[in-house]
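One chain, subunit A, links the two complexes that follow: it is found with subunit B in the first and with subunit C in the second.
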Partner chain A sequence: MRSIRAAYDALAAALGLSAILLLVLPAGCSRALSDPIPPVHDDEAAPRRGGTLRLASISDLRGLDPAGAVDGLSLGPVHLIFAGLVDYDEHARIVPELADHWSVEDGGRTYRFVLRTGVTMHDGTELTADDVKRSIERALHPSTPSQFASYFTGLVGYGAYANGEAEHLEGVVAEGRYDVRFRLQRPDATFPYLLALHAMRPTCKSAGYRYSDTWLPCGAGPFKLERGGWQPGTSLRLVRHPGYFRPGLPYLDAVEWTFNMQEPAQRMHFERGELDLVRDWTDITAARFAADPRWQKYGAVEGDNAMYGETMNTRVPPFDNVEVRRAVAAAIDREHYRLTGPARMRVLTQALPGSVAVDPSYVGQRYDYAAALEHMRKAGYPYDPATGRGGWPDPIEYLLYDQGAVTLTAPLLQQDLARIGLRIRLKVVSFPTFLTLQQRAGAVAISLGSNLLDYPEPSAVFDGLFTTSSISPEGTQNTSFYSNPRFDELAAKAHLELDPERRRALYQEANAILCDEAPWAFTFGFHFYDVHQGYVRGFRPHPVWPLDVGSVWLDRTGDELERMLGGGLR
Partner chain B sequence: MLDARALARFRRNRSAVAGAVVVAALVLFALVIPLLSRHGPLTSNFPDGVGPDLMPVGPCAEFPLGVDRIFRDVLSRLAVAGRLSLVIATSATLIATAIGTVVGVVAGYYEGSGLKVPWPALAGLVGAILAALLGWMWVAVSVLLAGVATSAVRHFSGPRLNVDGVLMRVVDVLLAFPFLLLVMAIGASLDHTSSVTIFVTLGVTGWLGIARVLRAKTLQVRTLDYVVASRALGQSTPRVLLRHVLPNIAGPLVVSATVLVAQMIVADAVLSFLGVGIAPPTPTWGRMLFEGQSSIQVAPWLVAAPATILVMAVWGFNMIGEGLRDALDPRGL
Partner chain C sequence: MRRVLRRLGWSVVVVWAVVSLAFAVNNLLPGDPARMVAGAQARPADVARIRAQLGIGEPALVQYVRFWRRLVHVGPRVVDPKADPSHATCAVVVPLGSAAVHLDFGKSFMKHAPVVDLIATRLPRTFALAAAGMLVQLLFGLLTGVLAATRRGSRLDRLLVGTSVLGISAPTFLIALALQLVFARGLGWLPIDGFGTTLDEHLRCLVLPAVTLGIYGAAYYTRLVRDELAALLEQDWIRTARAKGAPAWRVVLLHGLRNALLPVVTAAGLDFGALMGGAVVTETVFRWPGLGDLSVQALLNRDGPVILACVVVTSVAIVVANLLVDALYARLDPRIGDVALTRSR
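Then we have the complex of A and B:
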């Protein structure tokens, strides 16, 4: 009933608003962007402490337990609350964070981390090796619904621990107060990346061991949860951790989120100076900010960590025919896709998003209409564009859900594939239904594929999405059910290969196989476009994490700052 | 039904005439624009629809109502959506009116006296309900028709049922369900939605109001002298209903049906707005509203155009309905 009433309200609001628009706006006219609020001091000014950074989100927070923080919204606050043994620098390179240093021993089978001394957790205790071991065991405990657990099967003793046969994880050893060793069954070049995952970050012993959606977070990051500062569905307030191990940081007194605020409201509050930084723009609004010279220097592109494509089930006709898949990959005009969100979308022509592309200039798939027709001919389904005859004889169902970019790209795909004789019929389902069907063997012929990198390394794409071992009858991430022994071999070798150059070569060959055999037609990469007010200083989008505001400071006049400190949106 | 005096009263009602003009204009718009437009409703217009800032162009000579987020001509989509919306609304109204009339007249006519139902017809009805509950719709229809046909070809005995009580309790129960929730549930259960499934769904769920109105009117009419007289003269019940009752309840029937068209237009828009209407890329007014809402601040024409035409259509049919009610009102005779 509530959803229907909400729909009625939304429809009525849309009707009413449009009537007002018709009265007050000439046709085609749209409201101009306001001026940015400038900083008080010049570019050379030293950072000032104080103030509350005010953010908002169109959705609600799923939780603050790092073991379950997998979505873009949760990652923001979780990243501010929890520090890891290692993290990424501004070039997405692994650097020590809570670790003072680390070494690789035993031919890549053992990683030894030595912790910083004197790191204070949010509950006032000092970080020790036992905290690291306990936190990792907590994250990988069988009762914790972590989607990252499968990454750690190479840890010695993981199987026994995951099955509940062992009380502790044998492969994680706390040696002394500040020394932690990770023992692997075989060398794994990607292991340091896995330790940067938030799920692996140390948590306070006092916060409790069991996973919960309502678990109150406690870590060693620059901000901590204010007592009573999390109102699910409404707001979140983090305050400065006075014992943060990096001297002088953070500059801000607090960071606040308001949840469930729709994009038009966010834009209104932002332009009135009541929100300081916004990332939930619609594609059109983001493009307008990006194109406005007044706002360009306050806009920032987040990491290119998401990839999208059309995933074709290699076990379902006609996509069990590699030539049909090649035809699809060649028939899609990716530039048209990009035009649906030019500020946030980038044409993708290979299996790796921009942030981890081995060779960013590599063009593995591209729009080539003549080639697409030729592939259809080779597949045995020649199509004559002049007469419209030929092609695959039956309609092909394309599964989608009714939100986000796919509502725009699906009709474009339909138009592109009609030109090579593939008639697509769109079937809209709810998002949970979409996931269930897409991840079920034989249920879907073609659908939208998407992947947000868990860590910035090609294996984060290849292992889950395309290896034979990731196929399962239900709940598979390999939604194209793609299997290629050579590809599997390359993916496995890359894990073992510690030499970066040789690993890159393996990844590039694997990438070329995927582009040629086209289990996906790779279409576009996606990045958020953040816009902040001029007085928000020191914000640099992190190449991996969303909304990393740990070094942000506010440069407003005293009275404005006072109003901000008064807190809240009017 | 609409004699010269009633027609004159309708013509004197400016709101009603304005409503009729608006509806006629909408029908003309839906029929003619797709024939004249240079741009198809499903085709993206590259590069003409792309503005210099890579955004969809607004209203201009080439695209009088601008283009949408994937650069399709809004005018052409609006007109094709209008065809669909009008066809769905009128078809659903016809179905709902037919069901509502049968239920309302039968319930009103047999109120208090009951109806003797032959055993085969009763068995067919019970079997049809069971089959429908099991999801075997064709079996349900077949069983019901077989029962009724068997009862028609020869005489069978059967119990006397309180048909009015049964039908009105069914109406009460169905009215207790939120209309849209019921429609959404049916729509969601369908593997693929088309205009036919939408208007059938709306039609078989939208007859309740008409049934109640016509039952009340039939209760009045059946006591009139000429109806009593024809029954006393031995005229068959179907003949009495068709010759004497139906013509005298036609006024409220037409008024209710006209207003129902407007309700069906809104219901169709809501279904599309919620994503359980006709699958994209087929344009509907509700779908166009849904697609345009996220861009309302920067491309207001995407919402303004379908919203305006939706308001006009609903207002037009409502004004016609109001005008007909005033024109056919016996107090005005």
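Then we have the complex of A and C:
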């Protein structure tokens, strides 16, 4: 009796506290989105200078040295600190930046860049051809932890330089104060895209000739880092470079990032006007912002540079049979995938998201259940949906790691493949373990495929993921171990083809081979959904660079914001 | 003295065993740190170059011996990374004339910084959070525990016990989010998260994470103190003290609570040691840049030097906390003090 009374009282206490919480929580917690904080001036207003743009990230910044290994988050600030000889424009095409112009000579074996004159670096010195050569040699030196050095094996003298046999890189020649020549062993039409990589961006003389962990990043971009501006694990503050070579830009006085801020906290800060632009939404919150008419004009989709799919190992049964792979590609209902994160996912049916060669009208792989069953029949594993008999006799392990979207799409894959007689068992491992197993020959039959474009040109996808030369027993990039001589030939030809249209045609033929032979079943592209307050003006997501805020301006003042918030900045 | 030295010797053995185990596990786990540094889709040539730069291509035994030789060694009194790169990642811990004892965990694979610097930056923050959290836990735990024990069977007792069940059952992240929503977002009294730049901001930022840890732990201490004290208050010697006319507060606090503190001290010592390893969830939700976040990131990225440094710090903290608990035992109850020390005989 006594214990019953005690249990009753404990329950009463719990209910009482819950009731108190329910009464108190609405003070802070509301499912409804707050109103956007509007701009002060109308749409036609001219940009105004001043203010600090405040951003946040759920993760921490790995580094700011363009020559070192950086991650997706670092790309944003690195792009603001360092300008390149060339850059990608709003359509991901190559355009001059620090270079005034360039020419292609010697049948594509030499690229000659003429620098703009009077470009001031953050340390006040003028950019010269020697700075370009020094920065590139620094980035490609064997002591530098660069993740991109091997892209430049085509430069004359790269081998000797990478082996430490040569002091300088023979293929990069500074001719006079403003001329730089890049000499290649063979023509390569993709070279300008490689030059736009952050690793190739000119650094101040303080960077020296060799990579150092303690160097204070310094370049020629619109914003600069001052001593003490980066508190690792906490925050980063970049301030306007007064000598930036584009007149009048940037408008902002400073850009600030706060790191390691979880999504609920980002939302709270954003709604209080303490963050100006947020991208780390959960799928649900992103979808709510995208669907809310008040917020739609302040939301924007970032570049679609991430490609996801199902990687089928072409050397492991049953996926060594092309008909089984075709069956998988036809059995996946990609629209179901997309619905698991509609604001940030896009149906993907071919290999080239965000790339300059993509043909949106090309159908590629598509859901066709009848065709999938027919492919299974041709493969020798007919499946009867009515009786559930047939198909591949053994369960197949599907390797994945615990990553938001994929934990939802993997069960959909299971269902789709079960309908054609392929029984999938999910094997979830940590990301490092996933990479080790997926990149080892013969270790995995089918796994999650993902690829983030290093640069927006098809060679960034084709060369690593699908050519025979990129297959290796351990640590392979070609995780489907796919090999097709015709595909290899097209990929190689594309490098030599200087005419953009003919190169595009080569890529599209190669893409069609991939869609047909299906080493991957392409499933979805992923993009961030950026939401900014109304007073953030001039923001347009860049197809390559995350949070490119070089031409953003703030249409508010401190007093105005105080009035809008009705009580001042909290 | 000999007993104390023997106890310290065992503590060193414990730390060595824990760190060796961590080293073995870290090496046995699949996953290539060089691949994590280079990125998932880096080319094999770039991964190989980075692997060589990190010095992880050598056999595990060679790395193990190098780790211990480097961990504590004698070096120059002043560390100048430019003049002497071999000691660039060291911290001077004990000056010895022109030389000094160095502590060296190596360089973080991912953060490209000496691990001693990372630990030195984050350890005081974790210490502050752990201390503040323990303070709240003990303050509330003792107060409510004593109240419940002295009113055993009453409605107040059942309310406090029921509330403590709720506190123990609620996940830390839920408590953290509720506090953020109410006190930061709703009422605007405290910062949502962060660490601040001034002492005033540090203290304001510390309140919610400390209370989060406090609520979670206080519930446990409430139960512990209540049960222990209630049992003690039934003892004959307590009745004797009452019969002699000692005031009720004196009976409860000096006679009862002092003896009830023994298990509380044991639990608090272990809890504090564990908190020094980092209150991962609380640090993450409140963006408190301590050891918890550092160790989790290191684990996810296979950042070996940071993982081992965190294991060393955590195991040392727990060992030290245990030594302090034993010392405190002797203070609280001299009879147990003898037993505590003879255990190591």
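As a convention for this text, the second predicted complex is superposed on the first by the 511 of 570 C-alpha atoms of A that agree within 3 Å, B and C clash if a C-alpha of one lies under 4 Å from a C-alpha of the other, contacts with A are read in each partner's own complex, and residues count from 1 in each chain.
The definition used in the following text is that contacts are C-beta pairs under 8 Å (C-beta built on N, C-alpha and C of every residue); 3 or more make two chains touch, one makes a residue touch a chain.
What you are looking at is a predicted structure, and each value in this text was computed from that prediction instead of being measured.
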Subunit C versus subunit B, contacts on subunit A by residue: C
Touched partner set for A:412, first subunit B, second subunit C, both or neither: first
Touched partner set for A:342, first subunit B, second subunit C, both or neither: first
Touching partner for A:452 - first (subunit B), second (subunit C), both, neither: second
First, second, both or neither for A:174, with subunit B first and subunit C second: neither
Contacts of A:300 with subunit B and subunit C, given as first, second, both or neither: neither
Touching partner for A:464 - first (subunit B), second (subunit C), both, neither: second
Touched partner set for A:147, first subunit B, second subunit C, both or neither: second
Subunit B versus subunit C as contact partner of A:264, first or second or both or neither: both
Overlapping contact positions on subunit A, where the subunit C interface meets the subunit B interface: 10-11, 14, 17, 21, 25, 27-29, 264
Sites on subunit B touched by subunit A in the complex: 42-44, 46, 50, 53-55, 58-60, 66, 69-72, 178, 180-181, 184, 192, 269-270, 273-275, 279-281, 286, 289, 291, 293-301, 303-304, 307-308, 310-311
Contact set on subunit A toward subunit B in their complex: 1, 3-4, 7-8, 10-11, 14-15, 17-19, 21-22, 25, 27-31, 263-264, 267, 282-285, 287-288, 291, 336, 339-340, 342, 402, 407-408, 410-412, 414-415, 425-428
Contact footprint of subunit A on subunit C as seen in their complex: 29-33, 35-47, 49-50, 53, 81, 107, 110-113, 122, 153, 155, 158-159, 161-163, 165-166, 177-178, 180-188, 192-195, 284-285, 287, 289, 293-294, 297, 300-302
Complex contact set, residues of subunit A against subunit C: 2, 5-6, 9-14, 17, 21, 24-29, 60, 62-63, 68-69, 71, 142-143, 145-151, 153, 213-214, 232-234, 258, 260-262, 264-265, 268-269, 271-272, 430-433, 435-437, 439, 450-452, 454, 464, 470, 472, 474-477, 570
